[in-house]
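After this come two complexes, each holding subunit A, first together with subunit B and then together with subunit C.
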Partner chain A sequence: MSSLSIAGHEIRRLLRDRALPVLLGLLVVLAAYAAWNGSAWVGQREAAISLINAEEQDARDRSRGFVGKAPSVLPRVQPVLPPGPMAALSIGQADAYPYTADVVALGDRSQLLRHVWSDIGNPAVQAAGRFDLAFVIVFLLPLVILATTFDLWSRECERGITALVLSQPIAAGRLIAVKALARGAIVLLPALAIIIAVAAGSGATRPSGLAVLALIVLAYGSFWLALAVLIGCFARRTTEAAIAAGALWLLIVVMAPSLVLAAVNLMVPPPSQMQLATALKAQLADTARQQQLRHAAASPATRSPAPRIADAVRVAYADLVQADQAIAPLIAAHTEAEDARRQALDRARLLLPSVAVQDALDRLAGSDADRALAFQQQVLAYWHARRQLHKDYLDRDVPQTLAEYDALPRFEFQDTAGALQRGVLIDLAALAVATLLLLIAAWSMRRRLATP
Partner chain B sequence: MLTATHLVKEHGTHRALDDVSFTVRPGEIFCLLGANGAGKSTTIKLFLGFLEPTSGSAEVDGLSAWQQPHEVRRRLLYIPENVALYDELTGYENLDYFARLAAVEQRSSARLKDALRSAGLAPEAFGRRVGLYSKGMRQKVGIALAIIKEARALLLDEPTSGLDPTASAEFHELIVRQRDRGTAILMATHDLFRAREVATTIGLMQAGRLCRTLDASTITANDLESLYLEEMSRSA
Partner chain C sequence: MSDASPTFSRPASAVRQTLVVAATQLKLMWRERRLLWLALTLLLLAGASVTTGAARLAQQAQERQIVAEQEAGLWDSQGTIDPHAAAHVGRAIPAPVRPLAALDPGITDFVGTSVFIEGHAQNPARHRPVDAGTALSRFDGFSAAWALQVVAPLLIILAGFASLSGDVARETLRQELGSGASAHVLIGGRLIALATASLLLVLALLAVSLPGMVGRTLGTADITALVAMFAAYALYLLVFCAITIGVSARFSAARTSLVVLLGFWVVATLLAPRVAPALAESLYPTPTAPAFRAAVTEDAEHGADGHDPADKRLDALKAEMLARYQVKDVDDLPVNFRGVALEFAEANSTETYNRHFERIYATYQRQAITQRAFAALSPTLALQAASRALARTDFPAQLAFLRGVEDYRYRLIQALNLEVKQHKAANGSKHLADIATLTRSVAYSPQQPPLGHIAAAQSVNFAILLAWVLLALGLVFTSARHLGSAP
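Entry: the complex of A and B
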């Protein structure tokens, strides 16, 4: 018998079940609401960025009047991390990271992101997120798939149909695989169409992004279908299959991410932001006190003829550099601890299909940890460049001109080339491995299917 | 042809079937009689290849049921006590599906309907969902499958249990018709009187053993009942 015949029969049966249109209808409503939610978030973020940009422009205009009155005028800059083109898909970690910064050339490094000190790379946050399209995909899509596939074989067992089926010349393993594919097609393809349509409707219209989204949904759907096949291999009653499906959903989507987070926290505890802030404050105060004492003990020598830019400005700059050097080890230790924890979480996500999918969607939407950290690094580099500009004026002993002021470089976030593809590919590979393992487990249990 | 040769089946320490041998030739009906747990259903499951024999063999047309299950299942049809079908599909659709599973090549609509008609199903029931069928009607779909599959052997496991007398008589009539077409039929049943009526040979089973084999044409219903009770009382 051809696989198409079995698939056709299975589809016919499923289409006669009223539950399928109800489930898909519910998915349409929830996905549309989630997409609207994501789109509204993008709108709010863009509005906030507009305000920040306007404020920055205002500061730039106001500061222009001071050019020539100070060695260099480097107004406060507020770099922003703009939402990605597919941002409406997943708010993800975007709220957990700073999307703006305060670059004050002569401020200390710890002030750059002082408005948003936050924990990073938390899989519980990744898994539990907001009600966006990613939430619908990660949490609700598996429920829709399981609701239509959990009884792949158990209903036939319970009704006694397997006796007649298995007495025909067909391998039970092949039968259940084709049934799973048929049901998968009838559930997953409409679900995919719904998700793509609402994503595009919410403004995530980049074709390559939609193609990647489709790939993620299909890969994740395949994982849950493989799980349904495994359930079909051991559950002989529909209640048993339903309980197994519910328990596995709860374990994979809700409990495992929390348990893994707890384990990572135990093994690699998160560094305390509070401790860092206190230590920085104490170190800066100590450095300032020492500098005061030093200046009081020996006032800086005055040069003759006097430079165009007063030496006092150079002394102040040297003090700033010294303060930066004093706090650098504290920041480095904190960053190292954060990186270690983040790496542990990053590796752990590969063991958790739901977190891997959330991560892939975050990367696609540009709300992932890597993009946020790239923003922080670019802000830091920009701040360093700003400092260097000031130092150049001091070294040249030539104050800034209006033309130079107008030509001051602006911050523009640059997405890291290839980071999205690499990250999503790793997530998809992890998902493929998990699916394969489930299928191997199901294959090893195929003997159980051979008897009614 | 169905052949059991020194068939033994053990479940752990329990011997469910103990050295059972018999042959059912084309055009014969072999009825297995016995109390619950006597080994009738186990024998049938061994012919279906659902169970691996501990020793001995169950063969259909010389093919081992355990080693060549697909080849064997192509040749036979199994009708259990309750023919469970897909309730959400019609009788016609069920027959079409099972005919496809059975790798029947000639599955024209006319042929499927003919088979259903030959099995005694009223034409107006063909398009009705099986969920609305009586037990007897479901059994007829099973027989229709045997017809369309041109099964060379039928395995019936208490097929008339729970049927009303009319439906039971009708079913046995269909079985006899299959026998006359040259089908080898192995039937496990509790119905002594029907067994004597339709069977060519009757086997009395008790505690996993085939303790007596009787020629149905040479025994009266009363004698059969006496022998049966005698064998059963021995086990008690």
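Entry: the complex of A and C
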């Protein structure tokens, strides 16, 4: 009995099953709806960014009239984090980080990303979880694969034909592997085509992005196929196999990630944003009070000849720098605690295949935490540069000119990672290891296939 | 009397037989150790979730208490300054911690934990626990409530799908029917057994949850809400028990029963609760924050803010004041016109913000009503809404907090403006006042929806659950008839 004939028989048997077209049809409908949802979200985000850009331009135009009347005119800038080219795939963490900032050159750093207004979406809708293509891939695709592969061997056991099948000149391990591959090809390849088609239809059309998406779906699909092989090795009855498949799906996709998250939150709790805000306010108020007392005690120094830009402006700038320095340790401690928690969460994902896939899709879509943090870093650097400009005007003692105002640098987010970035490769490696472990477990249990 | 006895004894005997069948089924379930272990694991996880959740809530309550005290200290330490400057300093008001959130966190992690209040503006709540996460954060959601909403129905299905279908069960059934037993008695007994096991699961969950929550400021209202919550869960699980038995009786093949029941479970507990909110939001979109802000800015910030001397509405107000007091200059008014302008502007901007926010809340409400329509497909949606409302972890509870804060904000800012209005300052200077003394009488008292209001609002969801119970019992009844006529 050749592998080809086994595969052919398995494919014919699966194609006769009326459940397959129903499942694939359902997948088409759900994936299309999810892709549309993702695309609508991208449209909404882009519309919001257009409004922000218009607001910024308005501030820029209005401030132009003040150039020459003040040492420097540095209007409020609202940098934005635009959705990536594959953004419709996954909303991911895009709602959990600010996508815009308030760069006021002479404001304090704590106001940069306060994002008081960043989100007014219905919390009840957000709590339900987003219905995007990532959800379809991570949660629903395994169900489709398991529904068509859970009885790889249990049906033969139930019909009492295992001895007959195994009397043929083929090893049990090879037999089940060929069956799994045949069924996998019939389910996974159409599912992959559906996902790629709806992703492209939603606007995620970058070829390298689609290639990585295909790689992720295939890797994840292989993991679930390997799990189906393992179920085949120990489940003797179809209902037992179905229960095992359902329970493993629940464990891998829902329970384990949720429990690991709870454990990480317990071991590395998130730092309190509320306490930080109050501590910053207290520190700034204290610094302002000290500065007032110091200024009241010391008479202002006078220079001869008097500078073009009054020294009072330099004193005000020095006060700002001092306030920044005063709150810097508080912000640094908070950032460190946040980073430690994020690192723990990031490491935990490597043990959880469903989370690794979610992470890979988030990274591919550009809705991951790292991209949001890169935006924050770039905003901070831009704010520093803006402040430096003000300082330069003070140092040269010549107010900003109209030409300089018109040449003020604009913020543009620089993407630091491509489609096949390091994080995605790590996710794929974690998935490959998990699949390999399952296959090793199945290999070690192959003798049980012959047990009636 | 003697004629009436058989009439009475027949139902009595049927009830007795049903109970005997139920007792036998319970014994069989007890012997199925795998399910028992699964149920015990679920109880352990749910109990651990409640205990850790309660500890986390206690820590949050302490943290918020500290923040509230620090904020009060900062406010009072402003000393003697221009009262309107204090309005710009503002203060943060932390949200109250809901004790039953340990059981059902609802939307707790998705709403801001404090509101920063200041003059001229209403800010939305900030500092959401869900902020600044990673991919794993999208998998949040395990709680005792979630275990009862999603996992317990699965256990019921696994425990009951083969009770009347499958070769062995059908053969046993044939023998039982052949010995004269009624199909209604056999199916009723199995339903009672499954419902009893489910009720025991709910009671066990209550038993493992209570130690974690006791002593953590559980008031009478909370305990009443807890009882109502568990009643709702009992109804909900009864729906799954009846559907499981009904389907098991309807299909002779255990595989078909399992596929049908698992399909219903996936749609009811996993898909519908995620698809319904997404569809509701598509039908009634929430505006983006920049669009909302632009609309408010247009109305409020470009309107009278009390600072802009060129504002036309302030000109009209000035003219009215001058006419009322029959003077020619604002300096001749018996009150400080700056305070009058600030008071007027605050009322104006508050009205604008309220109007815009109410529009957003109305959109949320329409989304909630649309979601409720999907409860026809899934009892989970009705239960989820009722459970969150009783735990005070739904949006109306958050809204009560937001409205309470806004009420306080308005009173506080207007108290400051009144002080400015009542004190004329000479030579263009500003009147100064001790902020702590001035605002001591303006207190913030946290608001939460009374249980009576919650019960009234949730009556629709309870009615939907009852309708599901009736529908599921109807399925059991028709399946029993089907079974009696063609086993």
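By our rule, the second predicted complex is superposed on the first by the 434 of 452 C-alpha atoms of A that agree within 3 Å, B and C clash if a C-alpha of one lies under 4 Å from a C-alpha of the other, contacts with A are read in each partner's own complex, and residues count from 1 in each chain.
Operating definition for what follows: contacts are C-beta pairs under 8 Å (C-beta built on N, C-alpha and C of every residue); 3 or more make two chains touch, one makes a residue touch a chain.
Just so we're clear, the structure is a prediction, and the values are computed from it rather than from any experiment.
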Query: Which holds for A:Ile186: it touches subunit B only (first), subunit C only (second), both, or neither?
result: neither
Task: May I ask you to decide whether A:Val165 touches subunit B, subunit C, both, or neither, giving the answer as first, second, both or neither?
output: first
- request: Considering only touches as defined above, state whether A:Arg12 meets subunit B (first), subunit C (second), both or neither.
  value: first
- line: The answer to whether subunit B or subunit C touches more of subunit A is C
Query: Thinking of the overlay built on chain A, is A:Gln44 touched by subunit B (first), by subunit C (second), by both, or by neither?
result: second
Query: Which of the residues in subunit B come into contact with subunit A in the complex?
result: 45, 48, 50-51, 69-71, 73-74, 76-78, 80, 82-89, 93, 97-98, 100-103, 142, 155
Task: Spell out the residues on subunit A that touch subunit C in their complex, using ranges where they run on.
output: 33, 37, 40, 44-45, 47-49, 51-52, 55, 92-93, 96-97, 100, 114-131, 135, 139, 143, 238-239, 242-243, 246-247, 250, 254-255, 257-262, 264-266, 270, 272-275, 277-278, 281-282, 285, 338, 342, 345-346, 348-349, 352, 354-355, 358-359, 362, 368-369
Query: In their shared complex, at which residues does subunit A touch subunit B?
result: 1-2, 5-6, 9, 12-13, 16-17, 159-161, 163-171, 450-452
- prompt: Can you name the residues of subunit C that touch subunit A in the complex?
  reply: 38, 45, 49, 52, 56, 63-64, 66-67, 70-71, 74, 77, 89, 92, 94, 106-107, 109-111, 113-114, 116, 123-124, 126-142, 150-151, 154, 158, 161-162, 166, 254-255, 258-259, 262, 266, 270, 273-278, 280-282, 285-294, 360, 363-364, 367-368, 371, 394-395, 398
